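Here come two complexes built around chain A, the first alongside chain B, the second alongside chain C.
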Partner chain A sequence: MSASVSRTTYREALRGALREALTADPRVFLMGEDIGRYGGCYAVTKSLLAEFGEERIRDTPLSESAFVGAGIGAALGGMRPIVEIMTVNFSLLALDQILNNAATLCHMSAGQCPVPLVIRMATGAGRQLAAQHSHSLEGWYAHIPGLRIVAPATIDDARGMLRAALLCPDPVLMFEHIGLFNMEGDLTEAAGVADIERAAIRRTGRDITVLTYGASLYRCLEAATELSAAGIELEVVDLRTLRPLDDATIIKSVRRTRRALMVDEGWKSGGLSAELGMRVVEQAFFDLDAPVMRVCTAEVPIPYPKHLEDAALPSVGRIVAAAHAMVAHEP
Partner chain B sequence: MEPVVAHDIGRGHALHLLAQMLRIRQFEDRCARLYTEQKIRGFLHLYNGEEAVAVGVMQALGVADSVVATYREHGHALARGVPMNALMAEMYGRRTGSSGGRGGSMHVFDVSRHFYGGNAIVGGGLPIAAGLALAQRLRGLDGVAACFFGEGAVAEGEFHETLNLAALWHLPVLFICENNLYAMGTALARSEAITDIRAKAAAYGQPAVAVDGMDVIAVEAAAQRAVKAMRGGGGSHFLECRTYRFRAHSMFDAQLYRDKAEVEEWRKRGPLITFTTRCKAQGLIAEEDFLRLERQADAEVDAAVMFAEGSDWEPVADLERYVYAEPRA
Partner chain C sequence: MSREFRMPSLGADMEAGTLVEWRVVPGARVRRGDVVALVETEKGIIDIESYEDGIVERLTVAPGARVPVGTPLALFQGEAAAPAPEMPRPAATAAAASSGTVPAAHGIAVPGLGSPRDAGKTVARAAPSAQRLRASPAARVRAAALGVDLGRIQGSGPQGVVTLQDVERIGGREPAPRVATPEPPGGARAGMRNAIAAAMGRSKREIPHYYLQLAMDMQPAVNWLTAFNQERPVPERLLIAVLLIKAAALAAAEKPGFSGYFRPAGFEPAAQVHMGVAIAVRGGGLVAPAIFEADRKSLATIMHELQDLVGRVRAGHMRSSEISSATLTVTSLGEEGVDVLYPVIYPPQVAIVGFGSVLERPWAVNGRLEARPVLNITLAADHRVTDGRQGAQFLARIRDHLARPGEL
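What follows is the complex of A and B.
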């Protein structure tokens, strides 16, 4: 029996989940910069103002700290706010609220103040937006206890993870890669709420486990196709949730392939791939046939010209090269 | 400043206000001693001299209203009704504390009384208060959020962002600036080009008044007016309470930034002494009343110390509890 599917985009899947939440739960409301009249910087919230009105689709001033903090307060006050920060780059202006309040209040108050807040933001590079508009800081946020960090890479996850985030009593930061909004594909109508504590194996393979998430998933899958022709089979794990990390799925896969390659758009030093590599080493060191490897963004602010931006970001070519180097390594 | 309203209060209310201010004063004087005995650790910021602000404002709030305060919040917690036992146990870091002992002096939470901290980042509480007020409006309720902060917060971006947002959205937030003239050791005039805080708040488009923060009746009257307006559908209000901190900023502060003479001058205007003197002159209370209330406060503090010292520590096994919310039992 094939599941019922409909053709849509990542953007529309997100919008559908927002519409569904606004319809089903009177506690849900949206706020953020240009989400109403403008329709959303990436058009995710387009048309929602007309459907739900200004009380529930709230355009905010350019005051990231105030409206993220107001989201926290509204969550404490019994609402289910969904805050859109235009991009992760601007989230830095709300870092005090995210780290000192959203992530902290529940523990510091001994459970009295859970913060059921969803913060969505666009992330990533690849559009020649230069250094201040091209950050990938989700790995950085994944450092923080008290937050849940999700990065849907697929259309089903765009809807399902947003649904899950709204059911979660904790602050959930949802990172939507700017390269994914226009992605077309099938939405599994009956998919339901996603599990936001589990990674997903998007392609099985015997030789190397590739740990990745977000838009990098598609570069890894492309590399896997190319490598398959050369007889190297990648197992591509979509982490989906960056905090908490699904160690069980990760380690089980690495034990099977005996090699682990991390691919992410963050900077290498102190980044998410560093954390993943360390977990592999801690938990599967004696199962490894080769040193772990990382393909990350060059340690530079992302430059504007396309050739330099491309050179800075993880590419299919770099993933393929890393895979070759790993299998060439004598166990 | 607003002219002091000749405001008739009866003997009962006079005793109540005095009792609340005395509880705070005696509680904190004991805390200072306990700190030197190393029973209370971490940072300890005392409210000594500013009691009229918390006590005055709390009179205007109902049980459904929310309170957001700063790291100098013992007075607000007590005036809001957080039991002194739980507050003292929090100072000791015991599990019977209002935050289970996890927050200490700077992070008192009591959700049953809508007391949301205890925020130790200057300016960090303002957006949260706006959100609490927004939730009230979106839920069709008439609760207000009272948000206390010092004049140091006026230099923070969150102050300006939140005043604008609250005024723009017509949110029922009562902003209470406790202007004690020093942000830690930095005098207001050394950090602000315009030192008229009331004027800054008014510029965002909301009613803003300055009152004598040493006068509990003036504070109470101003807060009552603001809360009444907000319950009737009004938006945010701003109250600048001009006050003074008699003790050091924290227990590590040698107070090199202000003259002893200045402190002594302000002490003459202390909220307890002026209120007591006035009430006596009006025949509302007698010296015996003052002494009795002081004894009662001391006895409550003694009991709170006993309670705290007799309380357990949270087991280390629970260290990671509540990083994420637990399902309600």
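What follows is the complex of A and C.
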């Protein structure tokens, strides 16, 4: 295997993964709103209809409950469906199917009816799509036993996580941040199947462990660069899999830095960062040298105006300020 | 840069002190270790030393005022401060300042108790009314391991919280003021008794004492001392106590495990033998200030320092550094005619040597009974640190040194 890299985008990496899955396994098919002729609302499935045909690239009616339910049925029937939902906000129409069926059937059937379904959906804000298309609700899904929740933040993960998801016997929900589709970068050709068990440390540092995922990763890395100049070294952990959380990596890092900062685009109240903070406190309380802190989205529906949207979201500036507050030394 | 000079804490048991006298005036240059003020506590009048070099800018508390620990007493223009780590400011200094409530009698010190070497938890127990200490969990764990009193550390973290780094920087070495608390009910005298109660209670609760006793013929020492003193004018004459102190200090320097501190993390041997000498205080009580590096000092120097210490204890002028530095203590009830005493270790020290009176007793010499001056030496030692065999060897060393007084 060569360790060569190629220049690509997050979107193309996702498409490459879909293409590979469709090619490798005849049981794999795609369905969702506008994924065929239109090529997907974020153009991830563009050109796949021409390559694989209508049987395998299926445009569905605008009924999330119906096509997610159909996906569950297909998975139960032995297929390997990959369902795309335009955005996490719309997935709520299918929440009954996801929570009451996909997540439960394996358990209720004592393992006889696993649901090897993959649901991809866009999440996050930053593109002025307003309050009904911009929320980050993956933390809600991470609440549900029976599901696996992944959030690829890098091009390698965009390419490698789908295969891992297809290999997983449980329903996997894959959250793709809308701010990442156009991101360019290097794809490690030899990366292969992504490990969806472990978080990844994207930057090492001694002072503060930053727990983040998705597009927030890049704000954290930017903040880390800025803080490094001020002598504060962030260790940036990309959670990658939001359920089950990789406690081992998280706690090990926090034990080392003795400080934990959570950064995500969800709301603080009842959010994933709240869960992370609690785990840190439960497992590493006596190692902490500062209160755990969160940088999350303001507790408002995501605003439409650009300046308000920016103000609501976790920014590099807020991350930097939080980090300073955590290590602040009074004169 | 200006620094506040604050009412220091001379132990976890100290909550407030009365400023008796200033030894400096505004504009005076002060060196680290200089006596700046006299403060009366339940331990008596203590000479308070400066922690840093600097110039006195302003005195903010007048003599006679009783103020909680941590209250700013003066402003110093410091050279880059080797700081007395500071504590949060007391909430209501003025309210607590009530002069004239302190008995003039000299109090006592309980060395070790609440010294910087003392575990933080003792502090928390001793001062339940203190404002809540802000320290991170990691700092607390580390402080417990190092035996650092968190209350003595000025937090540098957010909102003044004591951080891990603060604990590691202090490392249990630097004494400093801590949170102010109101005067204990009953005044300084009761506080003194409480201090003894706390230290001795803790000692008996926590330290598994073992006791060894050894009787020896002091004829050679008495003869040597008599001869030595005969040739000298009164001011240069030695007391037998000086021989005992030197012999015990030498033995401690030679046999590890008796000079040092027991901390939550285990035994920490002391680099030097600072011999605490128990000195009775008129009116009741006891102090045990340290003779620093007693194993390296001549008998004459020890004698001089002992006299100085006794004088200052009686006059109530101990230095703050002497109070909390002893690494091992000797105690004697020689004047009272007690044969044997079974002393109690001052935590966090790990041993105490008791000397009975040197009394004429029957002593077998070459198969015959003779009347000889006999001394009973007792060792109380911490069984977590040493065992009886080491204790026996330690006692034997003391005996051997006393048997050759000319070499002391």
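In this text, the second predicted complex is superposed on the first by the 326 of 331 C-alpha atoms of A that agree within 3 Å, B and C clash if a C-alpha of one lies under 4 Å from a C-alpha of the other, contacts with A are read in each partner's own complex, and residues count from 1 in each chain.
Methods note: a residue touches a chain if its C-beta (ideal position, glycine included) is under 8 Å from a C-beta of that chain, and two chains touch if they have at least 3 such contacts.
On a predicted model such as this, the values are computed, not experimentally measured, just so you know.
Aligning the two structures on chain A places chain B and chain C next to each other without any clash.
Contacts of A:C106 after superposition on the shared chain: chain B is touched, whereas chain C is not.
In the superposition on chain A, no contact is made by A:G231 with either chain B or chain C. When the shared chain is aligned, chain B comes close enough to touch A:M79, but chain C does not. Judged by the number of chain A residues each one touches, B leads among chain B and chain C.
By the touch criterion defined above, A:A325 reaches chain C but does not reach chain B.
With chain A as the common frame, chain A serves as the apex of an angle whose CA-centre rays point to chain B and chain C; its value is 120 degrees, to a multiple of 10.
Once chain A of one complex is fitted onto chain A of the other, the partner contacts of A:A290 are limited to chain C, with no touch recorded for chain B. Superposing the two structures on chain A brings chain B to within 33 Å of chain C, judged by their nearest Cα atoms.
If you check the complex, the residues on chain C that touch chain A are 136-141, 155-158, 160-161, 163-165. Within the complex, the chain B residues that touch chain A are 66, 68, 99-103, 107, 109-111, 116-117, 119, 121, 124, 126-136, 138-139, 145, 157-158, 161-162, 164-165, 168-169, 321-327.
Chain A meets chain B in the complex at residues 29, 55, 58, 60-61, 63, 65-79, 81, 96-97, 100-101, 105-114, 116, 145-146, 148, 169-170. Considering their complex, residues 258, 285-291, 325-330 of chain A touch chain C.
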